[in-house]
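Mind having a look at this structure? Questions to follow.
Order as written gives the chain letters A, B, C and D; numbering starts at 1 within each chain.
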Amino acid sequence: MWKTILRRVLIMIPEIILLSILVFLLAKAMPGDPFTGSINPRSSAAQIEHLKQINGLYDPWYQQYWNWVVHLFHGDLGQSYQYHEAVSNLIGDRAVNTLWLSAFTMVLTYMLALPLGLYAGKHEGRLPDTVIRIYTYVTYCIPFFVILVIGLWIFGYVFNWFPTTGSVSPTAHGMGVLSSRLEHILLPGLLGALFGTVNIVQYMRSEVIDAKHSDYVRTARSKGVPNKDIYKHHIFRNSLLPIAAFGGYSITGLLNGSIFTETIFSYPGMGMLFIDSINYRDYTVITALVLMFGILNLLGTLLSDIILGIVDPRIRID
Amino acid sequence: MNEENELLKLTDVSTAFKIDGQYYPAVSHVDLEVEKDEILAIVGESGCGKSTLATTIMGLHDPQTTQISGQAVFAGQNLLEMKEEDLNDIRGAKIGMIFQDPLSALNPLKRIEDQISEVLDYHTGMSSEEKHARVIELLNQVGILEPQRTAHQFPHELSGGMRQRVIIAIAIACKPDLIIADEPTTALDVTIQAQILDVLRDIQAENHAGIILITHDLGVVAETADEVAVMYAGEIVERGTTAQVFGDPKHPYTRSLLRSMPQGDMDVLHDDLYVIAGSVPSIEKMPQTGDKFAPRIPWIKASAHEEEPTMHEVAPGHQVRCTCYQDFYFQRLEDVDQ
Amino acid sequence: MAVKTNQADISPEELQRLTTEANQEAAPSSTRILWNEFKADRPALISLIIVVGFILFVMIAPIFINSEKMMTTNIMAYLTPPMEDHFLLGADANGRSIALQLIVGSRNSIGIAIGLTLISSTFGIAWGLISGYFGGYIDWGMQRVYDFMMMLPMTMMIIVLVTIIHDYNSISLTFIFSIFYWMGTSRLIRSRTLAETKKDYVAASITSGTGSWKIIFKEIMPNISSLIIVDTTLSFAENIGVETGLSYLGFGLPPQTPSLGTLIANANDPNNITQYWWTWLPAAIEIIILCLAISYIGQVVSRAANASQRRAEK
Amino acid sequence: MNLIEIRDLKVHYPIRSGFLNRVTDVVRAVDGISFDIKAGETYGLVGESGSGKSTTGKSVVGLEEVTSGSIKYDGVDITKKSARKKIKYNENVQMIFQDSLSSLNPRKRIIDIIAEPLRNFEKLSAEDEKIRVLQLLETVGLNPDSLYKYPHQFSGGQRQRIGIARAVATNPQLIIADEPVSALDLSVQAQVLNFMKKIQREFGISYLFISHDLGVVRHMCQNIAIMNKGRLVEVGTREDIYEHPLHIYTKRLLAAIPEVDVAHREERMQKRLEIEQVYQQESDQYYDEEGLAYPLLQVSPTHFVALPEDKLTQLTGEKRRDA
């Protein structure tokens, strides 16, 4: 098992190298350079020129790339021009916020999706199934950001039930911090979950329906297993296992969605940091974020493969 | 027939499926008895309703899309009218079932031991040690060489023959009085088939169970069964002991079927096989009344067929549906118009 | 050696008669089946009319609109509510007509969505077919490229690219989007192609001397055509969200070019979102209706493709 | 005259694993087999599932990449794709598949299905093509109104006949029939087998008849090869195999076929159990250390068996004594 995981990880290495080169070249192509932020505004053009020279900005790109990678390995992601702060510190703070929101969304997603999918599959063709299918159909069609904007408008502004910006109320302290945090992530989390359930519900539903008509369920019936136990021991179990593997892929979706969620709810996480950095051309932050999101995507896929390998004996990795 | 030995008695059993809002009969008016220590074979080609009959007895149909009538009396109770909970006490305990495709009939995500002991969970009060011992005993009984190892494996790790043995182990776990085997060897190689049939015979000898063997393979029937019922288009057209049905087939369908088997002494290049004219109509197009096989024997006059065929006893225990057998004879092959 | 059969034993009249008879027995074409399915499902027919009519309208109407004049600031009309001063749907903070922007914006957004769907689906379908059919090293290489593309954070990459490229227009934007939106289709098509390739009719075609490309596009593709149509319809609905979403964030079409996304971006102003709802809500509602209608059409198409689920009479 | 000469044919599938997806092991699907098919005969290739019989058939028709060995058609080795293309190999060697539904493209009309090889190998006018297809339909006993129908509108037996019509469209010399009737009901099987024989008589076609059903093989084939785990265990005429089997595998296979003769079933069962016992106890004498068959030894001009020499002498000696 460890061997297979190690192999998977080794296959990832060339992908990460390729990603880092791509990100580096994109960063080079962006307007501005890494010194725009850190140098003294009163320096003369000649001084800047000198600084660029000694910092290797005129070296061939592969030389520069190498230097950059070496810095990366020392945990040095560079300086943010906008915030005058080490990028690693900057991202650290925001990552905590994004993690809170993502984890919360994911928990909500599964809490909603699993029962809905199981229920719809069990009662295939009946009224509750139709209702669930209409729900998944509608949320599947509407673009995510439109759901967010309308959700914010209705529940944030019209009903005024939830805060519309920020991550924690600045006046909160003690236990209040936690409750304030929850208050802020409740609406975006719910809307994200509402959107995120769609695929899982549909997948789950068709898994349950397939399992229901499978031969092994017929075998179980002929063993005299009561209906509710057939659902418990055979159908639900067999349909849940492949779902477990969805977890890793959800990370990718959540990260991509975080850019919209955080911008619309002015939630200071990594997604919003990215948009801000783009607007200020703060490109050390941008490269760091793109690289990080790429690696997280990769880890998500890896996680999914590992989970699937563990839960399904047919492809069990040993 | 010995009343005491009678295990299952089917009277006028019919099953109809709903297709596009209308019911079409898949099994009609079947009368059958199975006794202890007896292998009853139900034989017929695909779509003749033999598997449907088995699943009807086991109550495995969705009541919303099937219509079932008649009686299937087992241990004094009519299985076809029993409540699901009561049926669950019989299924697996008193009646075991063996399926055709041994791979899909096992849950791919559960170990063999769990799948066998699941039957014991519901029908015995065994402790987990007792259950484990019984699983090993069963695996031994069905001829699995390394029962301890196999018990711990998953279905995909076993060969087709091994999987079928596991299915049999599940079916006999509670020593049922009746075993229904639905095409138990169709998916297997001939040598494995022979072994599986041996296992079935041994088990029967040991448990004194009755077996309903459903198959399309006339050879398997001739080698294994004591009694035979031949089905065509949902009806039993001929029944009797194996010796009667194979030694002196009466119904034109049985005779044609036996005749169309390849014979060893035929010339490779020039001898053709006998072919039954026409084909089995689909369930929607099947005539609802009259002799359903009549259109396929064009050289018998229509008047020779009974309007509504009934069973006729031609010898003790040997019955044929319709009197047309009296007019049936094989013509020379060249005369048979295809 | 085999004897060639004599070809003269069927007369032309006989051939004609046999052909006509055979034609009468023939099954209906798939276009016919699809049309029957739409006729049998009223909401689907309405959806079809809405989508087709709307697309035609927004493609034609902007020809008569002077978009430069439309986009000039008019302080006098600052946030005019709907139905006042000839502003059917009111005006935004710059006094520009929402209704006119909606029409031109729809054309831009839908145009990009159509272009994106055409490019990315064609590419994804070809990729999936080739990867799935040839298998082996070709598939392995193509799968690594796929894996790499899947790792890229799409939204971020698009935003970065848009920032780098200065003079982009709707066409180059469509191409940038296309780079990142073919993978879903390719994966779907690949897995189905793998399954189809294993079927014996492909082997039969190979032994009949048919070439690989012909097998891919003439034998296999028709068999997954229903999947392709369904996937393309659903991608189209999804792709409307791609451009509008990025324009909403400010990284789609250039600022002076109206789009449904830039209109919804009016909601970013806390005043607009509640008080001046007409500046953004119509665009949001339009997207919702459009996406629902297109997906509904997709559902009908997939139903028509599956004989057992058809509603039209057989 | 030999139409096909197969020499030491091997088809191995690589098993990849490790860091770089390197080939670490191979599955020996076909492991060094040789036989000839004469013009006009039906050659039976018999084996159980996984014996490699289908793989052999597929490599003869060019669907499987051959690892080593040669398949000569008319003296030309056709194991390379370029060689097959050059001599228009598939115009002369065609295939009938087991699963009639999967072997006919569901989206194509019957005329297009049957005409496919014609379009690739013979350039006919549309009208001539239609006439040819109509004739082919007649040959396999189907109505002309089938022309514009789709495969799903036919029954299993009819579809299998459409597959036969396609295979004979270019007047091939050899047809590989891979389990052509094993998915069919008994009565339909008879019909399809009759058509295959009829076509053989009319066109002088040879068949490589691949099957697990020894009853059908006896009805169809003059010469038979028995395959086991990628190797041939016994080769001979119909009489050699059915009347004088030597290898335990063949005997076991023959004993396992259920027969409709009720009167003698006890005796047959006894015999089968005896053979089974020999198989269990002496299998190391019949197979090498890896459990694979030995190279073939000649017993008579037509009869070959895969046994070590001492065992063969022992068996033939017993036989002579019995006689």
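By our rule, contacts are C-beta pairs under 8 Å (C-beta built on N, C-alpha and C of every residue); 3 or more make two chains touch, one makes a residue touch a chain.
As the structure is a prediction and not an experimental result, all values here were calculated from the model.
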{"item": "Neighbouring chains common to chain B and chain C, by label", "value": "A, D"}
{"item": "Result of counting contacting C-beta pairs for A-B and B-D, higher pair", "value": "B-D"}
{"item": "Between chain D and chain B, distance of the C-alpha-averaged centres to the nearest whole Å", "value": "31"}
{"item": "Intercentroid distance (Cα basis), chain D paired with chain A, Å", "value": "55"}
{"item": "Cα-centroid distance, chain C relative to chain D, in whole angstrom", "value": "48"}
{"item": "Chain C residues counted as touching two or more neighbouring chains", "value": "none"}
{"item": "Residues of chain A engaged with two or more neighbouring chains", "value": "none"}
{"item": "Multi-chain contact sites of chain D, meaning residues that touch two or more partners", "value": "none"}
{"item": "Chain B residues touching chain D - in the complex, by the definition given at the top", "value": "45-46, 160, 189-194, 216-220, 222-224, 242-243, 246-247, 256-258, 260-264, 266, 268-270, 272-276, 279, 338"}
{"item": "Residue numbers on chain B that touch chain A, as the complex places them", "value": "58, 60, 84-85, 87-93, 96-97, 99, 101, 104-109, 118-119, 122-123, 154, 156, 167, 170-171"}
{"item": "Residues of chain D touching chain B in the complex", "value": "42, 48-49, 141, 155, 157, 185-191, 193-194, 197-198, 200-201, 212, 214-216, 218-222, 238, 242, 252-253, 255-263, 265, 268-269, 272"}
{"item": "Residue numbers on chain C that touch chain A, as the complex places them", "value": "147-148, 150-157, 159-161, 163-164, 237-238, 240-241, 244-245, 248-251, 264, 267-268, 270, 273-274, 277, 280, 284, 287-288, 291-292, 294-295, 299"}
{"item": "Chain D partner contacts - residues on chain C that touch it in the complex", "value": "1-5, 7, 9-10, 12, 15, 18-19, 21-27, 140, 199-201, 203-210, 219, 222-223, 225"}
